[in-house]
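Please find the structures below.
One chain, chain A, appears in both complexes that follow, with chain B as partner in the first and chain C in the second.
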Partner chain A sequence: MPQNETIQDLGLDEYKYDFVTETEPVFRAEKGLSEEVVRQISAHKEEPEWMLEYRLKALDVYNSKPMPKWGGDLSSLEAVLDEIYFYVRPQDQMERSWDDVPDEIKNTFEKLGIPEAERKILAGVGAQYESEMVYHSLREEWAAQGVIFDSIEDGLKNHPELFREHFGTIIPMHDNKFAAMNAAVWSGGSFVYIPKGVSLDTPLQAYFRVNQERMGQFERTLIIIDEGAQAHYIEGCTAPVYTTESFHSGVIEIVVKKNARFRYTTIQNWSNNMYNLVTQRSMVHENATMEWLDGNLGSKLTMKYPSCYLIGEGAHGEIMSIAYSGDGQHQDTGGKVVHVAPHTTSSITSKSISKGTGRSTYRGLCKVHKGARHARSNVECDALLINDTSRTDTYPYIEIEENDASVGHEASVSKIGEEQLFYLASRGIAKDEAMAMIVRGFIEPIAKQLPLEYAVELNRLIEMEMEGSVG
Partner chain B sequence: MEGVTSALNPAAVERIGMSEPEWLRERRAHAWDVYERTPMPTIRLEEWRYTNLKKKLDLDSLQLSDAEAMSDDASTWPERLRAAMDEDRAASGHIVIIDGHVVHADVDKQLAAQGVILESLQEAITNHEELVRDHLATDAVPAEEGKFAALNAALWSDGIFLYVPKGVQLELPVRVTCWLSEAGTAYFSRVLIVAEAQSQVSYVDEVLSDDFESQTYTSTAVELIARDGARVQYVAVQRLGRGTFYQSIQRTLAQRDSKLDTLNVALGASVTRVDLNARLLGPGANSDMLGLYFGDDDQHFDFNTSQDHVAEHTSSDLLYKGALDGASRAAFRGIIRVLPGAQGTDAYQTNRNLLLSPESRADSLPNLEIEADDVKCSHGATVGQLDDEAKFYLMSRGLSLIQAERLVVLGFLGEVLAKLPLGGVVDKVTRVIEQKLAQHG
Partner chain C sequence: MKRRVGAVYPHLTPLFTPSRFWDLKRRIILDKRAERLCASPENRMSDASILKIEGLEAKVADEDLPILAGVDLEIGKGEIHAIMGPNGSGKSTLAKVLAGHPGYEVTSGSVLFQGSNLLELEADERSQAGIFLAFQYPVEIPGVSIANFLRTAVQAHQADGEELDIFEFSDILTERMELLEMDVTFAERHVNDGFSGGEKKRNEILQMAMLKPKLAVMDETDSGLDIDALKVVASGVNTLTEEDPEMSILLITHYQRLLDYIEPDRVHVMVDGRIVRSGGPEVAHQLEAEGYRGWSEADSVADGV
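The block that comes next holds the complex of A and B.
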């Protein structure tokens, strides 16, 4: 079968998450950000007084901070934010059984393949629709061992001490303008606790869906991996394509305690009208390992730099990043590793593909603080340019305050070589297919780390995008 | 000049330009205007992230030099200046600058007959007014370049003009030796080199001083223009004493098939700040950009480089390497920009740092901005310590630890010098590094 037909059969010639579900929210705050909206969010969640105060304080911080002047083009963002609904409550309560989720919402997630995924081998599944988690479930066997996998709201309600001990400590509200915004209006997200020594052998998975037009989603996730524990958390994000812009600003806080191991995988496939400004940070303790696997395929503009603060001796941080920027997209992504303790190690591997008028920017930091003796870090960035209108940038910051550190950074930019295409053509491989093959080879070192269904999805996307890219 | 204030102010701009042609006085006044309008850079600016001018430079405390020009009699010149000149006399021409005044200029008679011009900028304004007017602070380093380019364009007292006519090739380098002696003084000078089509020239600039008790500031604006097929090598060796803030703002304009290479060697001064912008303007243009620094005590180095690929099929290759001892610190910020349409670009950028003591520090920021797709670009940066294996190997051959360390450092830095082996420079720089290394241990 000719390849083009195959692609059409798969329905991949368009953004496949572009469908809208007719749902009537039970509550929707006025558009724009105000104290009133913040109070409404807090009231709907029946929060303790301290959280309302925290939110209001964060709103002040947000208002006092200027828009960032670096990164992507945020010049029209303020106008966009005035038109956005910061809080949309899709239903009154979160369901534990898939059968109880309202049909319309269920249909949405069925189309995204969630129950199917759950039927496979996941340890737990969560789903957020607009501003709230609509569904959360965790396998019995893990619940019995003390694992907590819940909405962030239930985390606050049911585990107030654990929550308060960590919430806002890894990413304080003053960290940046959008962290402050999230602290003011956060809603939804996961609360995860893996007890000492417990190893989850399958991943926890969370789905984030924005359905309504002009919607702002502000999930907040807090993950605590206790000593010696192991887990893998996957998040996926999609939204329909609207002509107006939407906005997503998450804050993800992670603690990986002594000897623990944790991987956080993101497959961001927001529609191309989404501003995606996310703060993700982990504190990595003694001999613990933190891995970020960050895939950014969608959105209009993403600014996201997952970070590892290596605060315990022997801690290890790893960031693997794939970015794809098509027409009109700007992926401003990368990673930060901050070495604070001795004998800490880290690596960042970034691969980006820019096509059409797409722009991929790697922005990263490798910092070795005084006292982080014998730190080792390696950063590698490779960029592939498909067209003469594509753009790529690399901005790695390297700041070293210890002389026995060993730090290296390498970056390269290239286009697909005529010789490579010629060689494959001589083997009877069509140009589109050859392009896709080369791109797949380019991202393979990171793609192979992805869960299987995402790796398949990524490969399909590349085939689809490479079609007709040879000019 | 008795009774005349020598602070950095509009009166000084007028006084310096007093006997100059109208166009130049206007340029100075305009430059002062730009200077006043431009805010002082702070560490909030990416370009100044690693050098806090509030702490490092006090312009208000500085005076302009009011020294009389010394005579063109070598026996009256400072001992160290003469020693530096004697180390490598062979040259196509010499310039000697003492405290901002060009006190000596000579150029090979045959070359002069072929139209080569090597003279002080002040003389060139009289003798070659049109050439100077066309190029001085216009295309390469105009006042608009920034706060310090403007300050220099307003207050420069003298400098060097080198003009090489079409097809003329200089076998030996032009040698410039510069000496500063007044503490608390601000010096402003310029270098303007125009190499016409198919010409060839090397230029070696060495600046020296003793240590200063109070801060002394020297600012140079370097404008290098290589026309089609010209080959230009520019070398700046900075051996200033402690207490000096050395600033050099350099721009190279490389036309079609030209080769315009630079080497910045920074060994002295308390603060070194070099801004180097290489512009590749014609197809086939190429620039090698080399840098070498060795710091000890509390020396501070800040290199801010950019490689602008404007035309198709241009190439550039940057290599900056440094060793840092004591509590010295280096920052490197470099950017490769490939502009839309600059297809067929090859651009490379490497910064390597060797930290020799626990108190030393290095920051590196190698950037890429690529807006064309048919390019080969890469950059790399490393920060590390001496290679244990290399040391061990040398010690197994009977060298002491200190000897082995010195040899490894020399080998590390020697890579840069080997790429631009101009007569005299390699030996001279190696000697100074050896002297510095002798204090390490």
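The block that comes next holds the complex of A and C.
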């Protein structure tokens, strides 16, 4: 089949989140990153002095660290960052009811289906527009049990001790250049606390929307799951398509305490002009379970490696990721599991699909520290290539310091075969549908873990992406 | 099952629904095209004929490797034909060429399916028109359940734009599986993924039962089956032909033993890309006794297809 003839019509043009809302921000900092911008952000948020100091120190760290030379192509990023607005304040306060959110902004989220999802399937919703959370709400029943689901700013304001105990401890500002950048200019994101023994039976969701051109979004999320508690948090992200590049760099810190269980699901579908450089890490205590379910569909370049530090005996970490790279996209994703305590277990399952000139990279680390006796880990990464021009690479790093660790790694690369397509065609199934079916089957083990609404949406996206992918 | 009634029973079709209209129109266009392409009177086939192959030559695409060297074959409605022949004689290639495999290129000859030029259609259109290929090596589609796969396939066989009723589909699937004595949980397994040889072949028969083709080409369906599995598969095929006496079958096999369970009307022997002998079931017995040794073009006695 002449698969390479068809690259030109691999329409990624049907990105349905490509709409812009006319809004007038109440404040917008000057372009680029400077001490003044950092001070302005802190002043607008009426932060305590220690936070301003923290930010300024982080700015120094950011400036002192070189641009990473590994991962995706960041060569033009510095020029992009000079043109980016690091802080855009869309409205003066965060609302608790959609009725109070300004109509233009509310309509944006209506189009994205957020209020409807909130009514149907969610325990709580946060919505970020540009640099600030514009809406946050939690069902009364959970609030009554002591659950906190708030903007990160209100977390700092209303729960200063809990906030300060954990903030920046899981991902210190020195961790990497973009963690330092986030620490300097963070704005928006969620603060979540699930009290001991409380089990949320429906997910919390935060939705991140970038609307303006040349916008930088730097949300910061801190999640604390206390002993024996259970919860599921979903993050969704979209932006309109602009000709200039935008930038998103979040930091997500998670603590899962003894016997607790937490799942963090991301469905990132940024437009293809977005640099998406995110640091996500969890500390997993004794007999606790942390699961990352990471879906990366959009963006120009994503570098994201959710990680589990298994610091308590019997802790379990699981990372499941799907990456889709269309024309001109690069998904450099994977996961890190670090075994520190004995009898810890982990698994990484990564599935990537590359189409057209898309490139998917699996980059992962499995580390077993001295003292982490009887650790067990399994890594499986499968890549599917749609066209001859598609590319995939695998970089699995394995570092073992204990003799009795059991670590498995499997990798596979497959192409959609002519025989598969012919088999489906011989049953009357047209090529586009056949492609979509094969791709859906490929990601099925992970997609079935998603809440139904998201799985349906994912399938729909794949169908859309596969239209016209073979000639 | 809502099938393309317009294609099967044109006289029963309400003429003025848009989908029926387009379906008919497409058929007329195809028929006209076929008429134009095969206008000579001797190319016309009788009403009772479903498939007519004349002088078919084909090679592996992108290579200069001819495999079919002038195949002539006509199959009547409701007939069961068998093609036997040694390895490499071109039997499986014929099956794939009929189904529209893109890896082969037809260099000469014609194939009429229900009077229309089959070679103009893509593989999926051929399936929709009523051709089914039971694969010698069914392909694995990991992560896709048989139920989902079949639903998509049956939907593709619906007249344009007609939405398959999912409950109706589900009922039919259950009924078909019962007919073929299959466990209903089979439908939840992923297509051919980790199946035994017997399971793969039974899955082919299930697909055939769901798609109800007019012509089923069965490519070495007996290979790799033990005698019990062979009986199950053969009885499935026999059930389907009893149910639809108009369905035609082209069996491709090495061995007589399949023909003990599915009785052919005609047996053809293929050697070096051509049919060198045709006759009744006795040809198969003769082959079984004598082997293919001695069959060559020189002593071929094609007794008038």
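In this section, the second predicted complex is superposed on the first by the 457 of 471 C-alpha atoms of A that agree within 3 Å, B and C clash if a C-alpha of one lies under 4 Å from a C-alpha of the other, contacts with A are read in each partner's own complex, and residues count from 1 in each chain.
Going forward, a residue touches a chain if its C-beta (ideal position, glycine included) is under 8 Å from a C-beta of that chain, and two chains touch if they have at least 3 such contacts.
Bear in mind that the values here come from a model prediction, so they are computed numbers and not experimental data.
Undergrad: Counting only touches as set out at the top, which of chain B and chain C does A:Glu83 meet: first, second, both, neither?
TA: So A:Glu83 meets neither chain B nor chain C here.
Undergrad: So, A:Glu47: does it touch chain B (first), chain C (second), both, or neither?
TA: In the superposition, A:Glu47 contacts neither chain B nor chain C.
Undergrad: Considering only the touch criterion stated at the top, classify A:Glu453 as touching first (chain B), second (chain C), both, or neither.
TA: In the superposition, A:Glu453 contacts neither chain B nor chain C.
Undergrad: Between chain B (first) and chain C (second), which does A:Ile386 come into contact with in this model arrangement: first, second, both, or neither?
TA: First partner only, chain B.
Undergrad: Could you tell me if A:Glu104 is touching chain B, chain C, both of them or neither one (first, second, both, neither)?
TA: neither
Undergrad: Mind working out whether A:Pro396 is in touch with chain B, chain C, both or neither, as first, second, both or neither?
TA: first
Undergrad: If you lay the two complexes on top of each other, which residues of chain A touch chain B in one and chain C in the other?
TA: none
Undergrad: Which residues of chain C touch chain A in their complex?
TA: Within the complex, chain C touches chain A at residues 99-103, 122-124, 126-128, 132-133, 135, 138-144, 148-149, 152-153, 156-157, 190-191, 207, 211.
Undergrad: Can you check the complex and tell me which residues of chain A touch chain B?
TA: 383, 385-415
Undergrad: Note which residues of chain A are touching chain C in the complex, please.
TA: Answer in residue numbers: 1, 417-420, 422-431, 433, 437-438, 440-445.
Undergrad: What does chain B use to touch chain A in their complex?
TA: Counting only chain B, the residues touching chain A are 340-341, 343, 353, 355-385.
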